[in-house]
Amino acid sequence: MHVGYVEIAIGTILISNMVLARFLGLCPFIGVTRRTSDAVGMGFAVMFVMTLAAFATSLLYKYVLIHPGPDGFNLLVALGVVKEMPADGYVLVLKTVSYILIIAVLVQFVEMVLRKSVPVLYKALGIYLPLITTNCAVMGVALLTTSDWKYQDAPLSLGKAVWMGFCGGVGFTLAMILMSGIRERLAVARVPKALQNVPIAFISTGLMALAFLGFSKLFGIEL
Amino acid sequence: MEWSYVIAAVAVLGALAVVFGVGLAVASRVFHVQSDPRAEQIEAVLPSANCGACGFGGCAAYAAAVAAGKVGPSECVPGGMEVARRVAEIMGLVAEEKARQVAVVLCQGGNRVAERFGYQGVTDCRAAMLMQDGAKGCRWGCIGLGTCAAVCPFGAIVMGEDGLPHIIEEKCTACGTCVDACPKQVIRILPAKSTVTVLCRSLDKGADVRKTCSVGCIGCKKCESVCPVEGKAIHVTDFLARVDVETCISCGKCVKVCPMGTIGNFRLSRRPANGKLAAQQEVA
Amino acid sequence: MCGTVKGLAVNLLKSLLDKAVKSNPVFGLMLGLCPTLAVTTSVKNGLAMGLAASVVLLCSNILISLIKKLIPKEVRIACYIVVIAGFVTMVEILMKALAPAEINNQLGIFIPLIVVNCIILGRAEAFASRNGVVASIGDAVGIGLGYAGVLVMIGAIRELVGKGTFWGYTVWSGYSDAPEALAAPATVAVLAPGAFIVIGLLFGLFNAIGNRRQAAQLAAAQPVRFTTSADEKAKGASAAEPSAQ
């Protein structure tokens, strides 16, 4: 299966939606979707951070952490820190730590930029902005973008990696907006007392996930 | 033990740390935001309810306005005198006294009033208004679906078994959120010292009121005739009695003489804070 | 002497149970939801994840409570994350070496994602940074037990309903004479929708239990009834003129 930009878009937004199929980013999904305005703000912030994170982690992965292949470039080798990159990939164990560092710094940076340039959005997002750091969606997207690919021999190109990060964010935002619309209606409906608020939100998510399951193998894409 | 493993790991993480440390330090200079430290101090003292009673869009906005000198320190209603004093201290001003106020529900109908039709829809009073101004027989009275209880930021309103909202006076801060939310405008903010209030808003003729509600005001003027205050502290206009809070002396004569039981003597019906029955309280 | 040891043991057990049940990380504190739904496709996976997360929690609680005085306040969250990431990397390597390949495949990216599991960061911030080492160990054990317990429970439900097996041993595989619904295990339970619906129903169940307990407590307390002047009027009509003041 050819992994092009269109396949990545359809695969990441519809077929393997970050929230509804991959279970990433559930804490903000349940926490922030009581109002659509909050959901939209959070969704866009996450989209922004995801794209930047995919870019940075992809750079680190391709040029520092893995064996570069016969014609590739590796920073550690170029700087003479190691004589040659090992084939068994021991430097890859640094993936987890370095990715989370990158994401934490990115979020801090985005917070500073927002506070200066768009203070209204900064106030609106409030505590949710620093919480993007511990959002499994961003870390999850970074890990997915830089993992072994079923259909390719080499890691994703930088452009496709960034595109995948962006589409992951789009899928996340889509799910959040759909969920907040449903929850606003659920808030004034007659729900049995035990199921009010969180339980009915989860059950609705399950029904949404069931609907999205219908997208699997769309156009023969298996992402 | 392959030392190159260790060196590579330390090099990668160390380089990342240096790059990020320097980067963040530079960024915090470039994106530095000037903020008045007093605004942050004031915001820390406010109750953070973001109710808007001060007239600003949230506690942060009010704190910024006070720090900028645009408004006085006593505007926070939920905070009361305590917060006003502290804000004034931070700004170096004097806080003025504001008499305690409380929200009162001007209706006793609730489940006593028959519904004109069965309403099955969104359980929100504002939504029910879209269906011919609500299902209750009296078009001035409380619909009873609990919008006020839902919007109260302090949890001071509880929907009772009689279909009416009950205000927990200890928690009510008179912020006015329920007043804005109620589509029938049945909740009012009144001074806490006033104990006699007409618990009805119906402008219907007496005969019509009797048909729908057993406790509504019929405009018989018995209260007006028995009021001992010179110039009368209670007047009936448009078939509804209204108490003038400035001149009312809370003697309770109108409460006893009202044939429908519409006038509330809050010495009896306010929930006492110390657990004693209202009738056993010291009459102020 | 024996009494105090027994008292200590009872206290310890009670505090552990409190942490595991009352402040259960998933149903009480609503933390760590992502891995809870993703890995509970079977009991084995749930247990593996629960153990991995508990080990990381224990180690990070110990280390953070040891170095809590050295961490400056502004960068404390970043420090906790780095400590947790270190232990997660260790657990990752251990699991790749020791755990069976199928478990590693099924848990996939959720092992490195333990580093952003809100439970571990949350306990570091709320408990380990303020209490001593022994208390932090106890906290980690209690919370870890609670978390692993929840994962195993949900894994068991989903595996039984969705695949008809328990720990890989077939329990039921469909009744051909029965109505359509029972003809085969409901595979949807081990897929995404099933996860959400199962946990939604479980939340609802615990809410119902909590509500019933709250209602019992309220009923035991004094009922307060608000009176209005209309009620006083009705009372006054039947009795002799009561002094309204």
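For clarity, chains are labelled A, B and C in written order, and residue numbers in each chain start from 1.
To be clear about the criterion, a contact is a pair of C-beta atoms (placed from the backbone, for glycine too) under 8 Å apart; a residue touches a chain by one contact, two chains touch by 3 or more.
None of these values were measured; they are calculated from a predicted model.
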item: Chain at maximum distance from chain A, centres defined as averaged CA atoms; value: B
item: Of A-B and A-C, pair with higher C-beta contact tally; value: A-C
item: For chain B paired with chain C, centre-to-centre distance based on mean C-alpha positions, whole Å; value: 37
item: Chain A and chain C: spacing of chain centres that average the CA atoms, whole Å; value: 25
item: Distance between chain centroids, defined by C-alpha means - chain A, chain B (Å); value: 42
item: Overlap residues in chain C, where contacts from two or more other chains coincide; value: none
item: Multi-chain contact residues (two or more partners), chain A; value: 93-94, 97, 101
item: Contact footprint of chain A on chain B as seen in their complex; value: 4-5, 7-9, 11-13, 16-17, 20, 23-24, 27-28, 31-33, 60, 122-124, 127
item: Residue ranges of chain C touching chain A (in the complex, touch as defined); value: 30-31, 33-35, 37-38, 77-78, 81-82, 85-86, 88-89, 92-93, 109, 112-113, 115-118, 121, 188, 191-197, 199-201, 203-205, 207-208, 211
item: For the chain A and chain C complex, residues of the former touching the latter; value: 20-27, 30, 93-97, 100-101, 104, 130, 133-136, 139-140, 143-144, 147, 192-196, 198-203, 205-207, 209-210, 212-213
item: Complex contacts: residues of chain A adjacent to chain B; value: 64-65, 76, 79, 81-83, 90-91, 93-94, 97-98, 101-102, 105, 108-109, 112-113, 115-116, 119, 123, 188-190
